[in-house]
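In this document, chain identifiers A, B, C and D correspond to the written order of the chains, with residue numbering beginning at 1 in each.
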């Protein structure tokens, strides 16, 4: 029983890491831009596809498979740098003054477009590039074999991203400007913060994080059409549960979802699918503004 | 005021004019100048893994057919529609094909839900419809259709055959776990397997029933469970990207070393997963087809098809391409038989359907028959993976071709009831194994 | 304003009937569009209050499955439709009591959560719902008459049109009533409403329950049109589609949902016919264009183009 | 002396370290017009916020017509007959002036009508009467966003009066109003109040306005009521001059 629980916790942690990586970029973008970015799932998928293509190119060129890991980072940087500014400047920037629902729908339209773009570029055959997983090997817990990638690397990267982001947001000037905009957009703009640049930077950064989520997932899963769709709903649930733009909240929510899911798979598999939603409803019932969300001052 | 009213009328007419140009009815008893075939398949979403190869096969085969004179001397043209957006959209599209494009026949759908919705519509519209890939046995068990037939087997033999194979090659297994996708096929196939297993090999203990969400990308928790439970057999009817992912993740964590896998749809993943899939895994192909089919692989028909498919799409054909071929070959055979019986005149829709029922026709890997209730009868190819130097992916060894008599319920029975009547003796009636030959 | 909208509505009705008569296959597409238009009208009510539900597919599927389950016992269309609307209304009231406390993303996501839970129930309770295979609905009688395919299709289209007109008229009246105006007030400054002694939560609940009933009715009409229901109706992309249509049509008039819905279905059909591999891209591009260049939707575009011309004339 | 309409006892509230109210006792008699003056940030608006239920006092009680209304929800307090207007009027931006007022009329007369127009005959004519009283009749169909500040203030007051309150609380009714207009605005406003015999409390910075329109003045300073009485006496009080008006004038000059 003790071993069983340990295994459930390990599985939960590994899954939580994935969930966090999927949701953190969306949380950041939502916190600052207040745009619920449906295209986030597309960026996730494109990150995965670009990483897989890079990995395949590396393998084809005969380079060492040790390069496969940094290639994941490179892929997310490429996707962020290419798509982020393009979409933010060309599309989002035109509608910041419009209603939120229009902003959301714009990203929905983008999602539909990008969905077909992926299909045109990468086809419909599942793509799998697991060199990074293989290069790291396995590790045993009791007599249960785990991959190092899943047990150490994914949670490690998630933790690093969490700590790095917190440091960035609290200790650097850019980070504190972002926090200021998250907390009170009007006040921050009144203080002379150049909101345009903050938006551009945050969106690009968020896209890169989404792509990183996809890139990190790509060695463990097949990339198929529609892979982004599933990510969207999950990350939406995380953002709402966490509280607006709360990175720590996203981490805690991911942890709850990860552990909840693995406990469900072990003891009540029927409930696995609805775990994120049950957690969300439960959290919002007790804390109407999310785990870490503060009620926005009601304006009279 | 007057002018503006006129403008209204004008714009309304303009809006009407577009669709009004389109409709035309086509109930042709005369030999048409072109045979239009509507094809519904997945062009987007995860099931496009099957849908696009199916469409590709149709494109290739129709080209070849037309070069050889088409069907009954009439060239064939396909109109493809996407079934991914759901039933309401698909039914609208089917109506468009029938009532506007005037198609002469429909080849319908991969998803069982789509087929269950399209078959009644075919009936209403009197549209000859061939169900080309969907698997649910419910269609012809719960209703009878005059205008719909199916040119492949269904879920019952697709599940019974691998079970009989397993019982034959590993008669000693005592525990089993299932990992199926959480949707109708995953649930249906498990219900059939469980009922049949209790009849053929009573006393096997099911240690885990795992149904990860459809579209899941991570099976690590399930794999941990399976590693800890150590079942003798792991059964999964998953397919596409999810099956690939499951195989990779299981292989990386050495699950294959602990349990025997039964993967009835894995033929369609072999090329993609490559030798990550170890030897000794029981695999199936949803019917009597594989590009190295043991009895047909040296026939010019299959060899040429595999070659031209490969050179065009850079992949080996997988089961949906064979299913598409079966549907097109059946259509051609039925038309030509009906024309001959008609003394050379073009058959009516009803004549076509009457001919399809009971039709025997040749396809890429052999000869098959459509039963009187519209259900196709084909053998089931089941075998075991083996690594050979000729291919960068596993091939199928120790193949058994289960005949329909052994695995398919007779007309008028329900598959799920029928499998409960199976006996352990059924295992012994399985034909001999055929080894892989290079 | 009002008489002009009435003229447009009547012209639209004639147009739809003429199109369905000239092109039989359009009859189905238009019936589906009208049914969805009803649900979108519900979305519009919530949009007036600035709230976006990402889960109204829940009510669509509740309506559809109510028809599927009750059809064996209740054979008539004219009974099935109000029953479905009533069931959806009941569920909407219960869920509304909970979600009307929330705003913005929380409102949207809680709705999403409920619809996704229902979606997985539909898939999980395989023994009852037949999972993703769905349930076949046998053609119901209409006012006691067992109709053949063609008259039945006309009957459903006619009913959908009548419902669209009648409920559209009611909804238009609702929007100028105190409750309807209070919805707009929720969007601009909810606390002010509280200082008038009006419970914003209760106002939103009324609109929510109405939108649920409209969704249920739409779902029931869809079920009676397609005669086959699947859990896909409850999936979040369907909810997104409803919001999509609402924005496409424009929130300025009660005709917007129907305009949006008809255009949406037609664009999808023609895009799928022209580019079967990239129809999503076409739809996405149309929506993008509308939002960037005509953010008041098709109705707004119509007002700009036609009404302005009208005034000049 | 008859029982006061509104009676606050020992009200206290602090934000962070700032004591906005620190044991405030204040009575408002039926029918009077009371002005509250005091330095910026002294807690005058906080008093309105506490009385209308937007903020809950940390200590003390508020009685209205003898009933304890401390901590009730804004909605419940409105129903008991207390309405307010705001320092910065936030009208319902998407609606016209008459619709803004009619919403409040409807809120009083029967709000739960779903299929009859907000502007039905009775509601519309009552809203129009209110607009006439504040002199805005000619702007009735203008959009709320098109008004100048004075008209916005008056609309806001008309909206509050539409609730037919027994007590009306107004937060700086002349701030933002051009000084040429302020007496005209106040004349209409106070005229309407007197005509309806509505009790009113208004927070004000402009001493001319206070002197001219208030029956009584209360001086709010450092979380307490420094002094209360008729305008002439209070505004002549040297302590008040030093504490409040001195600061005020210096501030206004800056």
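Everything below uses one rule, namely that a contact is a pair of C-beta atoms (placed from the backbone, for glycine too) under 8 Å apart; a residue touches a chain by one contact, two chains touch by 3 or more.
Not measured: the values here are computed from a predicted model.
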For chain D, the least number of touch steps when starting out from chain C: 1
Chain nearest the global centroid, as defined over all protein CA atoms shown: C
Where chain A and chain C are represented by their mean Cα positions, the distance between them in whole Å: 32
Cα-centroid distance, chain B relative to chain D, in whole angstrom: 75
Centre-to-centre distance between chain C and chain B (centres being mean Cα positions), rounded to whole Å: 35
Euclidean distance of C-alpha centroids - chain A vs chain D, Å: 49
For chain B, residues contacting two or more additional chains: 44, 182, 213
Two or more partner chains touched - positions in chain C: 120, 124, 189, 191-192, 195, 277, 280
Numbers and ranges of chain A residues touching at least 2 other chains: 115-116, 119, 229, 270, 273, 299-300
Interfacial residue positions of chain D with respect to chain C in the complex: 52, 54, 73-75, 78-79, 83-84, 90, 92-95, 99, 102-104, 106-108, 111-119, 123, 159, 163
Chain A-touching residues of chain C, taken from the complex the two chains share: 47, 50, 52, 54, 101-102, 104-106, 108-110, 112-114, 116-117, 120, 124, 189-192, 195, 236-237, 240, 243-244, 247, 277-278, 280-281, 283-285, 287-288, 291-292, 295
Sites on chain B touched by chain C in the complex: 1, 3-4, 7-8, 12, 15-16, 19-20, 22-23, 43-44, 80-82, 85-89, 91-93, 95-96, 98-100, 111-113, 116-117, 120-121, 124, 136, 138, 182-185, 187-188, 213-214
Chain C contact footprint on chain A (complex, rising order): 30, 36, 38, 91, 94-95, 98-102, 104-106, 108-113, 115-117, 119-120, 229, 233, 236-237, 239-240, 244, 270, 273-274, 277-278, 280-281, 284, 288-290, 298-300
Chain C - residues contacting chain D, complex: 170, 173-174, 176-182, 184-185, 187-189, 191-192, 194-199, 206
